[in-house]
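Structure provided below as structure tokens; questions to follow.
All chains are identified by letter, namely A, B, C, D and E, in their written order; residue positions are counted from 1 within each chain.
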Amino acid sequence: MANPIELLQRFGKNFAISEIHEQKADLTFFKVPKEQAVRLLRELRDDAGYTHLAFLTNIDWIEKGIFTLTYMLHNYDARHSLGMHVDLERDNAEMQSIHGLWAQAATYQRELREMYGIRFPGSPRLDEDFCLEGWDQIPPMRKEFDTAAFSLERFYSREGRGTEDPREHMKGLLYPTHTDEPSSGGQ
Amino acid sequence: MFEPNPPVDLSSGKYLKLWQGPQHPGITGNMSLELTTCGDEVVDCKTHVGYLHRGFEKLMERRTFIQNFPIVCRIAVPEPTFNEYLYAAVVEELAGIQSPERAEWIRTLNLELMRLASYLMWLGGIGAAFGQSTVYQWTVTHRDYILDLFEEMTGARVYHMYIVPGGVRGRLPEGFEGRCHEVLNRVEKLLRDVEKVLFNNVVFKARTKGLGHIPREMVDPYGITGPNQRAAGFARDLRKDAPYLVYDQLEFDLITATESDTYARAWVRYQEMHQGIRMLRQCLDRMPKDGPFQARMPNVLHWQVPAGETYAKAECTRGEYGYYLVTDGSEYVRRVHVRGPSYTHAIALMEKLAVGTNIADIAGLMVSLHTYPPEIER
Amino acid sequence: MDTQKYALGPLLNEGLSAEDRDLFSDARPVPYEPYPVAVVEKFVNWVRANSLWLLAFGTGCGAVELNPLMTARFDAYRMGVQMRPTPRQSSVFIIGGYASVKTLKRIIRSYEQMQGPKFVVCLGICPINGGMYWDSYNTVNKFDEYLPVDLYITGCMPRPEVLMAGVLELKKKIMEGRADGANRYVENFDWYKANQKRVIKDWNMPDYNW
Amino acid sequence: MSLKDLISPFYVWQRAFEKPYTQKRPIEDRPGAPRYRGFHMNSEDCIGCGTCETICQNHAIDMVPVEGLEQRSGDSGLRPRFDYGRCCWCALCVDICTTRSLRMSNHYAWITEDPDAFHFTAGTDAMPWNQNSLGYRRDDDYHLLVHERIDMQALGAEESVAGFDEVMKGYTEEQAVLEADRCVECGICVATCPAHMAIPDYIRAVRQRDYEAGLRLLYETNPFSSTCGRICTHRCETVCVMGYQGDPIAIRWLKRAIVDRVPAERYREILGDEVVENGRKVGVIGAGPGGMSAAYYLRRQGYAVTVYESQARAGGMLRYGVPSYRLPDDQLDKDLEYIRSLGVEVKFNTHIGRDVPFRQLIEDYDALFLAVGLNQPSALRIQGEEHPRVLSGLQVLDDVASGRDPGVGSKVAVIGGGNVAMDAARVSRRLGADVTVLYRRRIEDMPADPEEIHESQAEGCKLVQQAIPVEIKNAASTSQVTIVWGEAEMIADDKGGRPRPVLQEDRMHEETYDCIIAAIGQGGQLDFIPAEYRDRIEFKWNKFVPGEYQQTGLPKLFVGGDIANSRADAISAIEDGHHAARGIHRFLTGTLDG
Amino acid sequence: MHTVDEILDFAIEREQQAADFYSNLAERANSAWMKEMLLGFSKEEMRHKGKLKSVKLGDRLLNADQHVQDLKIADYLVDVEPAEDISLQDALIVAMKREKAAYRLYSDMARAIDDPELKTMFLGLAQEEAKHKLYFEVQYDDQIMRDN
């Protein structure tokens, strides 16, 4: 079994592999375009021994407007993992399903559908509720969803709380005449 | 590799839809099985999870690195320590911190104790699921003696919050080794009893042998790991294959079986408990007794971990437990994904294995896969 | 009593489809009336207090400490406590920590199906004020908004010992005739229902699960 | 099916004869382990810094005012109140507690019917576990904070006495960020800083390497940042919460770290140079830190400001009293030049009373700020004081600052324990003298900065403690002088002040020096204020007693600096100036805004 | 002086003299704060006088058992002439030296007399003066010798 860099270079002849990053001896990350991803996964599984899909997840890069899917593959013989990144447009994100390659991928895809709103056409039970039930907001794992604000608004917090900032408290207590003006300098 | 179960026509009147759960169908958490039955036979099974969904991955994105450390242990209630260790491992890796050797030994001790406690609870569960409540009474009580050790070592029975990024939170208490040996002896004696009462039990054998057979070729396409995989004949264990902590310095045997049924899985776990006790004794005898147990840390209040990503995994009782961490150089986590082995075992695999079994065996089957729903939905 | 019941009218069961509505009762629950003879009521309360059957529905992390509680070491059976698998047989509902919205729906359903007298005990911090998950989008913060609670035990996790102490405390409360959570539920039924429906967005069950 | 499989399960009966596992009574039988993380306890060491609240990921802690708490310096008066509907007993609050006052008991049982009851203020509310001796506390070898200060590069003692080069070299950027990283940003220091500078905020700016924002924050309250970054008395550091278990944050050096990274040319661009004239005139007497600070803030609000200074250069005591190895001239100029560049006019060599009558100022200007400082050295008032070889400390420093040779000779005795004495001693060391410092009290009573004492000793100044000068006599040579001093016994002050020395007549010593430098304290000189005005002004001892916003009984006259406060340091003078500027603005416009 | 009352009258007279001395000096002083200061000293003496008067009226007793601290500052400072441009420092020296002289006077008288009642009275007065001296010495220590 060739070392992972060589392996990726070999695959690089047919696939637009980029951003190869060796995180540690047994873990390498790389990126591949969305269109080639599933084909590459199949080849990695069937030809390169990466038979185990550890997980499939997504990272929300809201400031860049993209989702980055991470497929974590593992080769039991080489004892090596590959993290494959695939960038998706954040709006109307859609990706090919891989439930045909790994059965449990259907569950991951269902979760991503629910938590980020990514569609995987053809994936079983994709639009069924997974963890949530009766969810009426934007998918909660998206960065723009503010869970604390939502919790406060829908579930309330118990009364009887209230805190003070030591600095402001001391200001009010010890030098109140200094409290009331906007400072004049350095603006 | 997803193959849907053959469709059934509910309107034919031949089938009955039956919900099992969300009250624990096994022993360790809430999930529902939507069973379609024909007489006593299950012809289709759909799983429903999410009863314990708390949105950990979201909550972790709005907490600082140190604030995440108390929260991760809640992800898998009966086995919190693996979360603590893996979270610490990924953060340490990206932050470039090396925890001291003494801490590594204490962590190993902690993880193996946790494994033993978790297996004891599971052993009770598999006993109870097949009508052996005696075993349940014994093992849960003995698990409690291990929780006593945890309480002494970490300050809490269930949520230890002891393995902190950078090391562990304190030294072992005075005389801990002695008390730990004592508990290990008691547990070992119990295990011998359990072997007589459960594994040599004709009823247990009759009900579990052949139940829930996982074919060898199903293992990789379904992402099956841990004892479930080893019971199918694969000699794979992260403690051997990718040794973390001090596992490369410990002697233990890799337990495998070939039958790949409920009995084989139970037997593999039972044997692993003995290996666990063996490792724990090595830990107690060989661990450094002094030296630092925490690496030098920055001020944790505004700790910024450099941008990067990594995946760390450990062999927990159910299989491959992993943390995938992405950081962006800020004081907050960019993304954490927790890979729990139950995710595949309890959903894709369970849906497959349930077909063709008897309703009465569903709970036992579920337990034999050893799943924790809280780690599925997080 | 009856006047109140009918003055408020039958339950609408709007969450059910039109054809399902006929299958479910639309009656409102009624409060429990103590026996007119005080000593009888006292005796009955003593009986109730000594046979607390827990619903085996571990709704959150707290369930993990119910295992030790019900086994040899802490052995709650000696206090007349045992676990029952169905709501119909149970009198005590232990809310074992956080309640996700999805579980809350099942909790409500199970609670309503329980036969009176029934009691709710909350374990841990999460049902009190959100606890660990105070900012989670999927767990409720104040459990007493949705169901009446008779007793709170704080801690994360509360040790089995304190669960036992809680059981004793509940017994005391029942014997004193103060464990009236179920009546509060009936008396403030519309308020509880409104709160429940505010967080459970897909209300597809009857308004009261007889 | 084997026979063994059939019989083996009956083994279960054997256990029937074992001792039962059951705990008889809840709670009593098995108390929490010694390390158990139970309910919180707080000791009186708590200073209410709120770090526990900051780290609590459940927002379970509120900082609340506690009734009847004694007001202490460096104590916010707040205490943590816990919400046991939130707390998860992770004990991060215990681990992070800066004073180690917070800990946990091994008590864990709290059952009630009332969900609103789970609040309590640890340490002050009466809880059943307050006397608990067991429970979790942080291990000594486990830290979530960095307790050691980052060292600053400094000249060695030998190098430093060789000349007047600045001794402290300043933090490198990396060092500054590391030091700033130690800060917990509690803000306890802000109240103690006389100028109430936004300390946590500018430390954060250092951590984030945002020096422009840092400079803007500094100038909100202190236009002498370069100066204060070097010679401030840093009262803030005495209350810094990091000082409870380690070294306080080097707040002063971090201030300097900001200023050192912004060149003077960029000040106007960063801080702005727009002044919208408002047509009013304010006069300032004294171009020291107080006067120039007032001038700066008044100028920013649009006042035409004229500063009258008796010396040839601005800076007051900072210029003439602080030697350049502590505060290089160019650094002081950096601060002053920016203030002057905004259009503040300074009239040098102008004595009020002699060159310009006070009456004219008070009539000409809409308001007057007076900060003339204490520039009259106190006399020893012992026999023989008039000896020509007895010099004053201020005179020596002034000479050196002005480039004159004070002629201290090669064997010098310095009398006093304040900063002036230390500076005079260190200056004399640099001039090649062998220096002995005679001080009436003990080293721990010395009012000089600890750093100065430490550095002076490192540079070879000898210190004789508890030495009371009694008489000065002629020596054999006219170029020398002999001092007689007696040993002192310290007696406690029953009012809690610093202990007082009492002369022991039977233990006297005599020693001859080339000169004696007296630096026992300073007084002010206010003769230029005509009696008709003076009668309307309140004094206490030798100082002004200013009213609200530094105003005096003479409404147009505002005072500040050493002549009007008891702290007598630069930062207090700066704050007086800033405060007076606000007062003047309020006096003239009726509002604080603008 | 043969009776307690006579002694007290004498002492009261002395306090009055001292008060007059300071107010005279204050009138001549050309520095405002010194004026204020000296008037303050004068008031302090009047307060002492009031105290003695109340002793005379029997409202309170003089106690001679207390130990009054002697900082001995007045011992080694030079004498200064009360002048118009007197400084705070010098005013304090004058004051403490006056109190020291008074203390000496009463102590000497106590030593010279045999009548135990009168002796006690003189010792009490001496102690009062010692207290006054301590007051000025403490002020000198705090205000003038800040840095020493």
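Methods note: a contact is a pair of C-beta atoms (placed from the backbone, for glycine too) under 8 Å apart; a residue touches a chain by one contact, two chains touch by 3 or more.
In this text, all values refer to a predicted model and were calculated from it rather than measured experimentally.
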Taking contact as defined at the start, I'd like the list of chains shared as neighbours by chain D and chain E. none
Top of the farthest list for chain D, CA-centroid basis, is C
Among the chains, which is located farthest from chain A on the basis of C-alpha centroids? E
Innermost chain, where centres are averages of C-alpha coordinates: D
Please work out the Cα centroid separation of chain A and chain C, and write it as a whole number of Å. 38
Between chain C and chain E, what is the gap in Å from one C-alpha centre to the other? 83
So, in whole Å, the Cα centroid of chain C is separated from that of chain D by 59
Approximate Å spacing (C-alpha centroids) for the pair chain A, chain B: 24
Which chain D residues reach two or more other chains? 21, 32, 83, 85, 88-89, 115
Multi-partner residues of chain E (each touching 2 or more other chains): none
Multi-chain touching residues of chain B, meaning two or more other chains, are 50, 53, 55, 58-59, 62, 71, 138, 141, 156, 159
Those chain pairs that satisfy the touch definition: A-B, A-C, A-D, B-C, B-D, C-D, D-E
Residue numbers on chain B that touch chain C, as the complex places them: 22-24, 27, 29-30, 50-55, 58-59, 62, 71, 74, 77-78, 121, 124, 136-138, 140-141, 143-144, 147, 156-159, 374
Under the stated contact criterion, what part of chain A meets chain D in this complex? 158-171, 173-175, 177-178, 180-187
Contacting residues of chain C [partner chain D, same complex]: 72-75, 78, 122, 125, 127-132, 134, 142, 144, 149-156, 158-159, 161-162, 164-166, 168-169, 173
Chain C - residues contacting chain A, complex: 101-102, 105, 128-130, 134-142, 145, 198-203
Chain D residues touching chain A in their complex are 48-50, 53, 61-65, 71, 76-78, 83, 85, 115-116, 119, 186-188, 190-191, 196, 200, 215-221, 223, 271-272, 296-297, 300-301, 548-549, 578-579, 581-582, 585, 592-594
